[in-house]
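Both complexes shown next keep chain A, but they swap its partner, so chain B is in the first and chain C is in the second.
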Partner chain A sequence: MSTDITSAQPSAALADPTPGTAPRGPRGGRGARRGAQGRRWPSALSVVVLIVLLGLIAGPVATVFFGAFQSKAPGMPNNGFSLDAIEKVYASTAYVKSLVGTLLMSLAVAALSVVVGAVAAWVLARTDVRWRGLLELGVIIPLFMSPFVGAVAWSMLAAPHSGMINVNLRWMLHTDRTFVNITSIPGLTFVLLLYYVPYAYLLVSAALKNVDPSLEEASYMNGRGVIATALKVTLPVVRPSLAAAFFFVAVLATGVFAVPQVLNFNSFSPLAVGVYRSMTVFPSNPPVGAAIGTLMFWFTLAGIYFYRRSIRNGQRYVTIGARGTRPRLVRLGWKKWPVMGAFGLYGLLATVLPYAALALMSLTPYSITDFRKMSLGLDNFVSVATTPDVVHSFENSLWLGVLVPTIAVVLGLAVAYVVVRERGRLGAVVDYVSTFPIAVPGIVFATGIVWLYVRTPMYATLTLLVIALVGVYMPHASRFATTGLMQIDRSLEEAGRMSGAGKFRVIRTVSFPLVRPSLLSAWILLFVFSMREVNETVVIAGPNSRPLSVLAWDYVQAGSLREAAVVGLVLTLVMLAGVLIARFVLRVRLDSSNL
Partner chain B sequence: MRFLRQTGVVGLAAATLVALAACGSGGSASDSAPATAPSDLVSKAKSEGQITLYGDANQDSLQKWTQGFTDKYGIKVQVLRLAGSQLFQRFAQEESAKQAQADVFSVTDYASLKQSADQGWLAKYTPKDAGLLPADLGEAGYFYPLQNTSNQTVVYNTEKLTPAEIQEVRSDPVAAVQDPKFKGRIGVNYPQSSQQAAAMWYQWTDGSQKSKYGWDAMKKIAANKPVFASSPDLINDVISGEIAVGVGITDSLAAPSVAQGAPIQWVYPDPTVTSAFGAGVVSNAPHPYAARLFLEWATTPEADNLYSKITQTKPINKQSKDSRTFLKESWYAEPKQAWGDFITDKTFLDATGSSGDYYDTWNKALGYSG
Partner chain C sequence: MTTQASPEAQPGVAGTAARTPSGSALSVDDLRIRYGDVEAVKGISFSIEPGGFLTLLGPSGCGKSTTLRCIAGLEPAAGGTIKVGDQVVAGPGRAVPPEKRGINMVFQSYAVWPHMTVAKNVGYGLKGLPKQEVADRVEEVLELVGLASYARRYGTELSGGQQQRVALARAIVTRPKVLLFDEPLSNLDAALREQMRVELLELQRTVGITSVYVTHDQTEAMSMSDHVVLLRDGVIEQADGPRELYRRPRSEFAARFVGRADILPGRLDTSRRRLETATGIAVVGAEAAGDDVPLDAASAVFRSENVVVGEAAERCENRWDGTVERVAFLGSHLDVALEVGGASVRAELRIDSGVEPGQRVAVGVLAADVHFVPAAGL
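== the complex of A and B ==
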């Protein structure tokens, strides 16, 4: 391994980010806060960060658990302690099928996403494939569409009887067969896959970029071929990152309710859909929803445990060498055509077809999928533009898009500072609590937020949405900041402290500028997420705080799919505009290099 | 009736308490709202400038209808449209926490409105034109049947059925959807989507049509592998041809699409199920004057005419005109009988209430995953 003296310290920090178990390096003592008698005291910063995190994250989760033991939604009249909901969910077979189906589906989606994402990452990082930038953009562009809007587009394209693909191929080929069926289990898996491949790609690609290429070089030198090197050297080194990506996607896919709900999926009822229906469908039973939420929680918690173990192992292999060895790029030769074809196919399925379908939908007066009968017009655009809520929703979206990433990133930096620099037992707790929200499905978390805040003036305001989303995105923000901070030699900050600067001044003038690229990447990713978010916002938003994504969802629920398509298109344009501004004004790219 | 009167009194007392509480907590406008003279009401409402309407009718229809109010008074109407039970859950939670977001609450589910009035969540307010509306569809002083009645129908796509099949559906739609020839071509609105939909199914399985259809009919429908969807999704499925026949779509939802040229028609099951959207002013409404002015406007024949034109439904205001265009269509036939008393039918309410097992039985019989 090619490490040199200057990189020894950061890689020691990288080796184990969980401070509680970290073997202390030679300078560990100097980094710790000690009281007058030499005892460790948690710093004021770490205490404040922990309190904020507990409020943001533990509060709503605890409320959901409380709600599961009530007879009605917390806060309703004649409400009291009851075990009915818990019994219905845990002590009956009613939810076994849902549970098994949900777990199998999440694991399948995660496995496929990781395979596709990892192959794409390997091709882009290790071969001489052309138009690398364009292809990478093609892989991550599905992030710019709300998955449920993508689901609307795909049900328009591939509904078994009336989907555009089926209808038009039938008359073109003079047949009555059904070519594709999106409402099936493979169909649901396919739509989810399109939206989770980018996550897997980003996580694996980041790991590949950090792997020391000299290992692969040594393998080539010893006469191993491309495939053998990829399988025997590269794969084992990035395996922990693959595992991390796998568990990350599995946990996220467990919590998704909007996609199966839109696809009108009836093969089994995913647990997250069960939560949504318990809260919404007549006669609604919120405690049962909360109880299902707690049931999901145990499984996602297990997923998070494995995820954290994997990233810890992943860091063990990472070396940042000072000697810049570029990886040897595999020459693809004629094989570059099928490879580019595969990227093209992915782009077609994940981006071109859904947007084409949305564009067509937004122009038709009612559901028309037969190209021979198309009649187009701008009525839907007029209808959306004249809706009084649209401008207001647009403003709400912009506020969310600015406030959520900004606050989350600042708090993420504080978390990272406590975790990486101050360590200690409190640091470990902070680290754990900040990863926690990934384990809580969005709709469950949102329900907790509503119950917790319904009696406060913040209820149904934009402020509450900001609070909720900052909590939800804390893991993302702190992961970026932690990775960024770990790569910076602590001696730079210590030099600041030695020269008499206080902690906050050091953070502001030394740490922050150095981790700025990581933070900006986090910012831009969270900007996109908060713009398209619907799993949480749909439950929390009030009539005056609805962002565009919720407006689109409300249109979908009301059966106004064409208006939803219009809003979905507008939302994508806003996100693209934000990302382009970031790219050209702030010079931040949304890619894997800072993950 | 005595029960109604008693609960009404309790409701009024509760409403007064809530109003007092609202005044106490600094609600500046709600202090004397109900007793304002009409001219005063308009100016005070205009100075509030907006209202939020919670409704479960079709989103487009609500938007277009309330635009009529905005055009007349310059007061913006923000519509929050959710499915009835979701909306009521939200409304109840907000009202229990004294966090009123809505100014006007409007759903088709009578039980939700009744409970809202009983809990004191709806303000006591009688608009000037209240007498023009049918008294049995509302609760005088609390909520009124503002939007028209709607009836459950079976909608079919004329391009997806042969003339003989159309004939079969029209003669007895409930028998037709049991016919194996429609396997894979039908969709149903589940009873959980609204009280009215539940009443429709209940009538066939346990109610007046029990001997004609009963649970056996449900098994035959299940054998035809129906698509399960809420009524807004179901109507889209019929229009796009995803399914040929959709069971449990209200005429108020289907009619606007017919007007736009969608290839659909409908037939009423006999008897059909009917109900009206009721609406009332929320007792601690953030915009109490504008909310009351809205109720005044909404009860006028003018507003009913507008709603009738948009949704193509039969007007209920004594002085408004019937402007349904499909009445002249050759395929259209008026419903013969309609069941509207389900809102007070005790056996039905028990079976579909929180301790009843109607939904579980239905899910099992139809093969719906819930």
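== the complex of A and C ==
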């Protein structure tokens, strides 16, 4: 760093010779350089961060919008400006059903997830239910698993014709009824619900922990019982976080296409599936895919707007109590058994059953779901798991799992530093751009990435996957780093500056070690996310850069469920190993307090 | 719940830590509270007469807030009995939930619900009453705390002092049998704290609600309550009226915690009125030491403001030669450290008393201002 930057740093603000000017206003951009009239200039760090973010995030999104106005995929010969795709998507009725269906579906999934997640959070935070740690683990664990693999498992379990539940109940009960049908609207809702409950749980649970316990105690003191207090005080106070969870899940559910595609869902065609099919299924029409992508984008953008607004409203209500009193725990009495039963049921449906089905499937030599005809053996599993395809994909997955979280976390820390510590106008822009990817459905983002890089040597390489996933997971990394950094008293860093250390030395020697716990949590979460990712990777990966998740996807598309089960299981085992190492070797806490 | 709590009752002297005198508004008997293996409150007993104002005083971690929360029903008791009026609200095999105890509480953090207006906050506890009556009572109470014009504001739009009043209004509007205060003034700045202290006391006297007040601030305890229970490590150190507590603390801890005390350890002679320190300084008291004071491990206690120097010392039964060590100017008085026969004595002197460091002076204390307590065992 050049000397003029260091000399214009906080020391200048503190040694401000003008009397009467407050050296630090409430929005004072510390670490921001002052010009002649006291105007603050953005720091070099914030400029660099913004440029990187624009390249990673804004570039691909802009490309999608560009592509929607083309006659063919960008990068193809004989390509020109055309309004055909836009007309087809926006000005005809062809996609109305998809649009309405997608929206209703995501809103329903979001509402149900919030209800289930909020009830679970309340029970774990406010009642004397037993085995709290275990129950919480049961709720969070699906976050560390792949919804895509879960969908594969559920289609083995509950497909109308060949699903294990249907096939085996038929011969046991001597009927030919179909008991469960996972390809239906309730089926899809159910599978999505299983995997989105943890998000809602974490958001609500964090809010519940921030509520000053005396707000509830005051209600008890005024003669209201448990239920009245929960509904009249607790619920309104955490309402912003319920809204935040609702919009967050709704946005995620809008963008998911792997789950409906795997479940063979055909009641209507979700928009995300429409994008995928337009891009990859013959006769492909990439501009239409891009146009559908832009259509989804408006809705997810609205969702993110409301999400951010709810988060802001939530902060208004946060009133940290004067002392660390624990909230009064409601005695459940006999009711704790049904309550624990409900948690158990969730664990069974989200975790135990799917993985039991996967394990069973990967141990059989053929795709057979009838228990009477299965011949189980570990060599069936081993023979698939050791094929060159799987071994190669395994390698690719590991590279992704190491590189993506590492780069994203470093970048996230830089973003957080700019947003939390430097603030200013550029900080606000950085903040907004860094949360932007949540609003962009994965498949849409991936399309943009492919088109942006199609003419470069990076096309279809692992490098491109890393670039794409770093962009996609930036928001998570920066959110962790931001919360971590906000909890550190700024004077700890200022003391470093006063002792003569430059900005980067302070970040390296003070800020980083103190936020390390948050960053480790972020790292492990992103490790899991990048390992299991299919929404983007399936479009971007080339034949040599396929990670395990895409390989499993390809098996599902080819109809080889058994191979898909093996790969899904391998993937899950790798993620599990990563999480266990993080938990017990690196001592990362994986619970609602820091996820 | 139809009349205010016994306005005709004498707000005043409650029984000493005696067991459950009949007719008390609140009585706590041998209360024990446990956190895991740690016993935070180790068997304390006290009671308040209707309309009385009792303060639980003590340093942080002494168990005072825990005791209060246990009376409220927000913490479970591990043993002992709590009675509100004649009703046992906590006892062996019995724990009335907090909402059914007829108690209300003013919280340290005010706990004003941010999603409700002031009027809604205050009217919250009046469920089941006709709308008009709720509105009337809310208005009446808001008038009382001087917030009538703020009824439609939201809790988060108020200043700390105003939130404090909302919390107070909300707590008295239900006409509770006992009102609990959990360090309600500790989040206010000094000037506001003093003003609120006066207002709060006036209000309590007007409404006549039996009150239990928790604080670590001896000024609050002294000026507000008619009975102070001094707690230390989960046991009662002393329970007395504020004046008695100040003038006749029964232990070195009580003497040090309330006001500033000079403490000279030594041996009592058999008259139990004369103590001699290890360095041969004699201290006489007007009254003989109590039976609980061991002869060979006693301490003489007197207040810094009762120490005089120079000519004034001539009239005192206790006269020593001393040296001025340090003089600090505190505006209203001088804080002077004196060396008396190897022991250190602090004195509060008039600012015109003209003492200088190094000066040798006569130091005096009246026998009436001296009393004896057991020496703190080490």
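A few points about this structure:
Keep this in mind: the second predicted complex is superposed on the first by the 547 of 595 C-alpha atoms of A that agree within 3 Å, B and C clash if a C-alpha of one lies under 4 Å from a C-alpha of the other, contacts with A are read in each partner's own complex, and residues count from 1 in each chain.
Here is the rule we use: a contact is a pair of C-beta atoms (placed from the backbone, for glycine too) under 8 Å apart; a residue touches a chain by one contact, two chains touch by 3 or more.
What you see is a predicted model, and the numbers here were worked out from it, not measured in a lab.
Room for both chain B and chain C is found when the two structures are superposed via chain A, with no clash between them. In the superposition on chain A, contact of A:Ala159 is made with chain B only, not with chain C.
Residue contacts after overlaying the shared chain place A:Val454 against chain B, while chain C stays out of touching range. When the two complexes are superposed, the chain touching more residues of chain A, out of chain B and chain C, is B.
By the touch criterion defined above, A:Gly225 reaches chain C but does not reach chain B.
After overlaying the two complexes on the shared chain, residue contacts for A:Leu215 are found with chain C alone; chain B is out of touch. Legend: residue contacts after superposition of the two complexes on their common chain; A:Ser184 is shown touching neither chain B nor chain C. Contact with chain B, but none with chain C, is seen for A:Asn285 once the two complexes are overlaid on the shared chain. Rounded to the nearest 10, the angle at the Cα centre of chain A between chain B and chain C in the chain-A superposition is 170°. Residue contacts after overlaying the shared chain place A:Thr463 against neither chain B nor chain C. Of all C-alpha pairs spanning chain B and chain C in the superposed arrangement, the closest lie 47 Å apart.
Chain A has no residue lying at the interface with chain B in one structure and with chain C in the other. On the side of chain A, the complex with chain C involves touching residues 212, 214-215, 217-225, 232-233, 236-237, 239, 316-317, 319, 321-323, 325, 328. Per the touch definition, chain C reaches chain A in the complex via residues 65, 69, 72-75, 97-100, 103-105, 107-111, 113-116, 124-125, 127, 156, 167, 170-171, 174, 183, 186-187.
Residues 52, 54, 58-60, 63, 70, 76-86, 88-89, 92-94, 96-99, 101-102, 109, 119, 185, 192-195, 198, 227-233, 235-237, 239-243, 253, 257, 260-262, 352-354, 359, 368-370 of chain B are the ones that touch chain A when the two sit in their complex.
Chain A contributes residues 73, 75-77, 97-98, 159-162, 167, 264, 266-269, 274, 277, 279-286, 365-369, 383, 387-389, 392, 450, 454-455, 459-460, 542-544, 546, 554-555, 557-561, 563 to its touches with chain B in the complex.
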